[in-house]
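These are the structures, in structure tokens.
One chain, subunit A, appears in both complexes that follow, with subunit B as partner in the first and subunit C in the second.
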Partner chain A sequence: MATATQTQTVDLAARFPGMVSADTRPGYTGFIVNKDNLIEVATAVRDEFGFDLMTAVTGVDYIAENKMEVVYHAFKTTGGAGLVFKVQVERVDPIEVPSLINIWPGVDFQEREAWDLYGIKFTGHPDLRRILMWEGFEGHPLRKDWKEPFYEEDVKPYKSRWPEGNHTYAEEKNPYRDNLNFPEGFDPEKFTVDKEEDLYLSLERDTAKDVDGSMKTEHIVVNMGPHHPSTHGVLRVAVTLDGETIIGLKPVMGYLHRNHDKIGERNTYLQIIPYTDRLDYFNSMSNNFGYVTTIEKLMKIQVAERAEYIRVIMAELSRVQNHLIFIGMLMNDLGTMYTPSLYAFEERELVLDIFEAVSGTRMMCNYFRFGGVVRDIPDYVLQKIKDLVFERLPAKTDEMERFLNENEVLVARLKGIHVLNAEDAIKYSVTGPVLRATGVPYDLRRADPYSIYDRFDFDVAVRHNGDMMDNYLIRFDEIRQSLRILEQALKQIPQGPINSQKAAYQVRVPAGEAYGRIESPKGELGFYVVSNGKPNPYRYHVRPASFVNLTAVESMCKGSKIADFVALLAMLDIVMGELDR
Partner chain B sequence: MDNEKLSLPNYNIPQDIENVVAITTLDRLYNWGRRSSVWPLMFGLACCAIEMIAAQTARYDMARFGMEVMRPTPRQADMMLVSGTVTKKMLPSIIRLYNQMPEPKYVVAMGACASSGGPFKEGYNVVAGIDKFLPVDVYIPGCPPTPQALIAGMIKLQEKIDKESISKVRWYNKEKFDGNYVPMPLLGPDLIDVRRNTEIRDIAAKKTTQESA
Partner chain C sequence: MYGKGILKGLSVTWKRFWDTYTEDISWMLRGKKRYNTEEGIRHRSSKDTKGIFTVQYPEEQLIVPEEFRYVPFLVYDEGADGKKEVRCTSCGICAKVCPPQCIWIVRTNDPVTNRPVPVPTDFYIDMDICMNCGFCAEYCPFDAIKMDHDFAIASYERNVYNLNKLLKPASYYAGIRPENYAREEEARKAKEAAKAAKAEAAAATS
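What follows is the complex of A and B.
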């Protein structure tokens, strides 16, 4: 249940006396590892204790104690509770922590993110460049002493706005009258732009390629995106090509970095909910779910029984429409421009109608609250959901499968392409359907059950080849399992209150930390929240599934054709809002 | 010329060809042609892009108004639909795309973020409204705007096109026309709008005295 991840199953402190100590701060769990012993301890965590999946790596800036902390959350792919360990270093530049990239290669992007936003140098990381901001950006934005140009106060509600209700334009306070801040004495005339040499140098080049009989070829570097029809938004990839074959590839992101973490730390707990909607904008319900689950864990409150069912219904409906859209978009990228996605969008509209009926908006639902949901489902809407779940959606899923599965072009484009084996998938911290398609039955609804998923009878969808075809088919399996859960939930949903708490603008969250995670349609969506007892979170971090899943992309597409890479991006089901935050 | 005058022109058309001949103005013909084929740039930034896609699907069907032909290349596009949050990192690419679009070109700011920064305005990587750089023709409110709102905004743009006159439009005015070129901003310690270089230098030099005062 909800507390499962917080119980410690291993005692690192006893195994490594003198190197590891238990984290005894009130509300905190896990262990604090000496910086110098990190590699040794982490290796043991993976090899001796079996925590093979490193899901979340993030920094926390404890400016009052003059410490910078790196928090690691490791889990087992066999399921069960996780292990939290931390490294604390003095908050004096350069802040250096050994990189764990050789133990869990999946930490690659997350360590780069911590370097970008916190300025923590991970020694031994082969490619430690900024990831969300650009090279040359001034400062590390998530540090507590770094202030954005439109800075007003540390936390909301701002005194200028509430309770008097005054309004001032942020532009009027900033000397540049815009969202800008330059270092003192900066002269734009003398400034030269970063040519991104580091990025291009990090690309793999295979210079000695004069094998007998082969044609002499020249490698070219191509930038795909950020404006590219197939990158699902504003992702950019720099690719080295030999003809059509990919030699090296680096994703470049941050083109939709909307500073979710920084804004979240200024907001009150309740104010964050609408922001989570905009993370993975296909599944605002799932995002809400993950966030409120985390805060409820911190607050140690129970959720109203009826609300639990409503939450599951909404989250699973959201999964169904996400996977349908996934199939439509995959077909788009394979070249069947629009027809399959028109079918998918038809069903999605019906699901969105339900979201609109219960929450008031189609996409950005802002529906969950701590302890329950914000509005009850009226009976006629419940009837609408039943019609959809019992009749229409199963038939339409079958129909789509019938139309597509045997299609010759589709099979040729998908079968045996981009095979990811289970070992690599775990190594790169891949989660969600992509991991399950490789044969690892790791679904958080079973592996680490949250909410009331332990009450439902459903199977974890698994496929075993790990190629594109399996990734495509597993989405249909998951739709069917989601429909199974929905059927049970709709039959069992009880009457009763929809929130166990009183409606309040501000919630009291006791001091401590919590890592909550849910199985979002894209994979593991985690939220790491540190509270210091005030109305605003001290640290608020999102562990997005798309972002971490993208770590595997480089190794997956080496040696394949550039056209297949387009399909691979569709297959990973990335959403830029979640990827860049 | 308004619609009523157009349908009742003061020309005597012989009765035998009344059903064959229609009389209109050159402006109206020109505008009708352009307003009915506004090709947007296929270009999605954030959440709003999903509603933009939804607006093209069966239920809303933007094709009814002649604006469904999304062009992935700016060279063939008439209109840039800025659908989502404009970040500082993305801005140079957007400006480049805009500069590559041939005239006549229009910009529609879809949603709160593109219009003003929206809920993310305070973010350090967010441009508070695309209108700080591009001339916006239509703003569509909403977060995200529903497909209906998007279509309503596009119809507003068509109304704007209807009011143009071929003799006055800027892209045929050889003397004044400068191609609507927007200088590329640079990514330095923060976003550098090169049109404001001297201003930035002056404020950056002054900053310490302000803080100490």
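What follows is the complex of A and C.
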């Protein structure tokens, strides 16, 4: 079904004649803003029109028109349609666009990403360093004229595979036998990472220089990670410490970066689906959901009725197991080694059994297709889902609450720590349970309903203190609401076909752009796709919740203890597969 | 009272601890084996499971569902004289749809006419690159490539499988996926019957 996002409600062009024009390219929506008026227009978008949540910022390289474009997607936390506006600049280095960091501080990481991958300089950004690629990397990989060392062709399928498909190893294409190139004249003996200096200088920016004078103290910089058991993967955090207190902090990421966007642009539309599984690998069903909804928007097709229900059932089961694991892993990071997390894993395994029986794999499900799903749920699996939803999971959620909620140590570790207020959360574009724990009832299933969520009766889980305790408790609330949705979906699920389209290994997607978003268990998962009518997307961008939510981390933990920071990382529920993509 | 929450939580752990014994004893009293039996493993992944949950791999293995998928294999039908009738026609759809592009097919050309012959000269799958997505099996129009259940393929070398190593008999396929096999055979027979009926009708009119 068409969502409200697709209809424009605000006419920026009328408000700013001469500065803004409507985007008239076929299949496109939104407005094109003059580069010089961007700050003025963006301020009005936020203050006058009330689009307080800047969710996605990304670049597009229109190499044929010699244009570089920056696309902004702004939404209201009260829900409803979004506003898309773009800035186009000549594709001649240096490509400069004014930074919007003073209007929406949440664009911080996303602008750095656009600089890293596209080479768009955001003037006024205080800390414009590479974010996903390493310092010393040559070029900007998402530009259309950048080619990887294993480059074979622009798009798949590669011609070497058939009919003359004599197998060769990809690494034989490169003397280093790796998907890696070195700049001309590179000498590893002489290479120094001078940009490390910039990282530590960027920490200085927020460091208070004067300590109150009573005792002479020295600040030290500690690198936590990339290999640290509590960072949930390879995340590195450079922290400036005053004793045990954090006074400045910068996350350093990209250790798991594989340029998911570029891989997507090489793939056909269908081929991207299994790659989305690998984003947030706890919730491959939700990732599939987000991606196929976006492409269905572009293709303007209806989803089979039964498939809609199956999708909702799978996405909600995924949310339940994600939140259970969240609770378990939070305990792990607080030092409760393994007992709660293994209790959570027990339930998760049962949910994964269901995923395995319907899709074939426990984690990399690859279950959704354009117009529906791959195969129907067998009767015995449907029975097992009912058993879990109606009997086991509610009881086990209660048990988990009994087990932990009143535990004095837990309460002492969580209550009143890392308070995030609603204003800051919105400012930093935080979404998902972390935003709702601050008292903002913003849930995409309600605020901008997709699929068939408008048919179910459920409450948006919301808590008001924004501290760690509320963040922990809201997960229980969400599990309960998900179970409510599941109960209704299981009662209402109709018989019928599971795909509205004929199975085809190549789909036709009309030219145009679409931004699809769903409420993934971690927050807003967005996909921005530009099609030019060819079998492969021209631009494919993922807006992961973990990545953007991490923007707020610095302001959240300033002044608190380093030991609590470990808990904060667990609480943000980051997954490196999605964060680094 | 300070410490009440901890005690409440510990009661849950205590209950779970007891469950491990009561479950084992109740199975014993009923004269059933909870470990190393299919019934026991199935019970441990059902909604009623409590107590010890772990399946002790490799002594025990989870029973995989029919749709479970691991790396692909090629199906051949056993001919009358033990000849392997490869179902693959080297049409190339699997190679085109493969997301990591790990399928390589060498098509056979007739040496005289130089026209393609519907059988592959060779067929390679780079199992180290395969992402087990199952697209090849899903979109194959001839039911020639299917996803395997055998996941223990670790080796010291690179795993590039050629045609010989990929081929497995249709009976093996019927063994691991009985429902799919039956459905496909039925569809195939219906198609052949329709074809025969059409030929008959054509013969009758001419």
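Assume the second predicted complex is superposed on the first by the 547 of 581 C-alpha atoms of A that agree within 3 Å, B and C clash if a C-alpha of one lies under 4 Å from a C-alpha of the other, contacts with A are read in each partner's own complex, and residues count from 1 in each chain.
Assume a residue touches a chain if its C-beta (ideal position, glycine included) is under 8 Å from a C-beta of that chain, and two chains touch if they have at least 3 such contacts.
Treat the numbers as computed from the prediction; the structure is a model and nothing was measured.
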Exercise for the section: Could you look at A:Tyr505 and tell me whether it touches subunit B, subunit C, both or neither (first, second, both, neither)? Expected result: second
Exercise for the section: Could you say whether A:Met364 touches subunit B, subunit C, both of them, or neither, answering first, second, both or neither? Expected result: both
Exercise for the section: Check the residue A:Gly439 against both partner chains and state whether it touches subunit B (first), subunit C (second), both, or neither. Expected result: neither
Problem - Partner chain(s) touched by A:Val409 [first = subunit B, second = subunit C, both, neither] - result: second
Practice task
Answer with first, second, both or neither: which of subunit B and subunit C does A:Pro274 touch in the superposed model?
Solution key: both
Handout entry: Partner chain(s) touched by A:Glu164 [first = subunit B, second = subunit C, both, neither]
Key = second
Handout entry: Touched partner set for A:Glu391, first subunit B, second subunit C, both or neither
Key = second
Problem - Which superposed partner A:Gly80 touches (first subunit B, second subunit C, both, neither) - result: neither
Exercise for the section: Classify the contacts of A:Glu148 with the two partner chains as first (subunit B alone), second (subunit C alone), both, or neither. Expected result: first
Fill in the blank from the handout: Intersected contact list for subunit A, partners subunit B and subunit C 274-275, 346, 349, 364
Fill in the blank from the handout: subunit A partner, complex, touching residues on subunit C are 2-6, 8-9, 11-13, 16, 45-47, 49, 53, 64-65, 67-69, 90, 92-93, 95-99, 101, 103-107, 116, 122, 124, 126, 131-135, 138-139, 147, 158, 160
Handout entry: Residues of subunit A that touch subunit C when the two form their complex
Key = 156-158, 160-167, 169, 267-268, 270-275, 339, 343, 346, 349-350, 353, 356-361, 364, 366, 374-375, 384, 387-388, 391-392, 399, 402-411, 503, 505-506
Problem - Contact set on subunit B toward subunit A in their complex - result: 42-47, 49-51, 53-54, 57-59, 72, 84-85, 87-90, 93-94, 97, 117, 119-128, 132, 143-144, 146, 186-194, 197, 199-201, 203-208, 210
Handout entry: In the complex, subunit A residues that touch subunit B
Key = 132-134, 136-138, 141, 148-150, 152, 170-171, 175-176, 178-189, 191, 193-194, 226-229, 233-234, 254-259, 262-263, 266, 274-275, 278, 281-282, 341-342, 345-346, 348-349, 362-364, 576-577
